[in-house]
Amino acid sequence: MLGKLLENVRAKAPLIHNITNYVTVNDCANILLACGASPIMADDCGEVEEITALCDGLNINIGTLNARTIPAMELAGRRANALGRPVLLDPVGAGASALRTGTAASLLKTVRFAAIRGNVSEIKALCGAGGATKGVDADLSDRVTEENLDQALAFAQAFSRETGAVVVMTGAIDIVADGRRAYLCRNGDPMMSRVTGTGCMLSAMTTAYLAANPGQALEACLAAVCAMGLCGEIARERVRAADGGNARYRAELLDAVYRLSGDALEAGAQYQIS
Amino acid sequence: MLGKLLENVRAKAPLIHNITNYVTVNDCANILLACGASPIMADDCGEVEEITALCDGLNINIGTLNARTIPAMELAGRRANALGRPVLLDPVGAGASALRTGTAASLLKTVRFAAIRGNVSEIKALCGAGGATKGVDADLSDRVTEENLDQALAFAQAFSRETGAVVVMTGAIDIVADGRRAYLCRNGDPMMSRVTGTGCMLSAMTTAYLAANPGQALEACLAAVCAMGLCGEIARERVRAADGGNARYRAELLDAVYRLSGDALEAGAQYQIS
Amino acid sequence: MLGKLLENVRAKAPLIHNITNYVTVNDCANILLACGASPIMADDCGEVEEITALCDGLNINIGTLNARTIPAMELAGRRANALGRPVLLDPVGAGASALRTGTAASLLKTVRFAAIRGNVSEIKALCGAGGATKGVDADLSDRVTEENLDQALAFAQAFSRETGAVVVMTGAIDIVADGRRAYLCRNGDPMMSRVTGTGCMLSAMTTAYLAANPGQALEACLAAVCAMGLCGEIARERVRAADGGNARYRAELLDAVYRLSGDALEAGAQYQIS
């Protein structure tokens, strides 16, 4: 199944509109190209609706948001909704400031999201569940482990029912849930957290998977999550062989996405239905 | 001839002011350093005129433009004109939104450009010729092929006569034209389109070539186009040997620019006068 | 001594708030991760105080500053001061425009900096000493050489006494000075100046060293400067072996930071007390 979802991205080459932070924006563009999609970035209120209308999906990422870009996110989100295009929310740093938490909460009221992807702290902040956010990393007490897995799953599903979005909660174990079903994914490598923007990149790529696989939102998100994690594993092997660090790792991660075939994803994906 | 134009960049180390998008800005800075120039980025109305006055050339790129940066583009452009410094326009995504098309059109009225570099769709949008822009990539129907080459050449020359700028229309075949003469360049590799910002990078580098070679605008543009395409070919060989993807390709492309000598450019450039 | 300062960064993993330019922001985030710290970027007045309050240090970099971010720098700086967190100023391009020089000067009045890091031209601009700034590179006449070393040292120390900050003046020879003591560092490689943002990256990393080593500001700055220079040397060897250019160099530099141990820093640091 997952292999076909990946191949659909390469076959359809969806154009993805990104309103995203300036820290990791270049990597988001390049991972979209690596997976077979095309990126366009635009964040001015004067053009976001037109740009979204040209696109197959919209990725809204609230890192480095500001007074100028917040209304653009809402405008683009509403337009994408009106046109039936999938919209993804990456609530980077929700919980770290009232501006981020409030903006994400406000977007949840005005825009219908196909998916929401964040770490546990960020997702909890959106629920008002009071997770302590340490910058853009998940707080230690908010990590998903084998011990709190059932609790985390129930939480993700409840949030999915509340929002109507597929909830993608990433960490050592990734959870992909809608209101009825949930998957666990155990692909990935700890070194992914030593590169800035692996979460942002996954959100961009997930938007492409959603756009290329209409009607299969849960599976599309799972495929993107497994693909990213598997590429993280492949990158680790190559970095080790080259005695590299996180810069090499970043490049190897993108290159693994570039080379990943549907068959390789099928063979390497480690997921289970919960 | 082209080799000497390249060597002039390394010898004069022109300082280039860039008002450019935040997606590919880092690559623009690094390709300027790779080719022997120096970059400075500044986009606030409060300083762009002073910064431009320090510089040898100005590169205006309208990707991720916004209400704050548009007047800065005009201010800087006018100042560069007044000082006789070459100004290049990269109309990223012209045709994709009224804001981009309108901004580019407005700049064409208020600023005198030494060169305009874009893909066929973007250039057509500026002519009001009605090209359908798919994001920042040329629409299929807008690709320059052997079949429509004569038409594309005539179009580029007409646009050059209209604007007074050298027109650089890049694609599978690149066209470099002024009102009287035109060159075709067949260097390049399809993988260049799988890295975000190769067009932006070429625009930045072309500005450096213009700045270092006064009075030879057409040839300076041709040299930059051939150099970029040739480096794209070199990068492809090295990526293939390393089993890489688009991240590795990006690095190899920049590194090829860094290493490229005048002699290597002379030997590898594939161009003809039309 | 230096090795222990490095290890403190890895052990404490300080969270660093960066208000920085969009050209090199991604590299700043990745070098923070490489050295063992964590980055967060936020520049909107609506959140910078909250973000700074979550963090262990604040890095203010005035490259691509604009009307929107200038007040955010002041707000964040004051808050960090109130909380006793170290604040570093990187006056990128001071001297190149009245906006940059004036903003840096204004920040020096309203914020107490633990350290100021720039090249000689930038530091001189802040003193009103009239250095001619060529973009973001040190003017030739402003390079620190064996001949003008005593003068440069006296200048750095005077500026440190004026501001209360450790002054880090980088170039072929790096100077790290407070009002009473000064160190020279001779690590580094000329190729560092062929990659955009090596100065910005050093500033980000220095902020992490300051945050992880309270009460040892002078030594923390020295350790960061030596670490960066040593990694520049390591990167040069690897780039040469790979026949690379400045893109490869950038990656090797970050990877060297990622791998650098306290022992390796002790063994490789080339500094002397002046």
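For clarity, chains are labelled A, B and C in written order, and residue numbers in each chain start from 1.
Just so we're on the same page, a residue touches a chain if its C-beta (ideal position, glycine included) is under 8 Å from a C-beta of that chain, and two chains touch if they have at least 3 such contacts.
Being a predicted model, the structure only gives us computed values, none of them experimental.
Relative orientation of chain A with respect to chain B corresponds to a rotation of 120°, obtained by superposing CA atoms and rounded to a multiple of 5. Homomeric contact chain A/chain C is classed as different-residue, with under half of its interface positions used by both copies. Note: centroid distance chain A to chain C, computed from Cα atoms, is 33 Å.
Multi-chain contact residues, meaning those touching two or more other chains, occur in chain A at positions 22, 26, 68, 250-251.
Taken in their complex, chain C has these residues touching chain A: 15, 22, 25-26, 29-30, 33-34, 38-47, 50-51, 54-55, 68, 250-259.
Contact residues of chain B toward chain A in the complex are 21-24, 26-27, 63-68, 93, 96-100, 133-137, 194-197, 243-248, 250-251.
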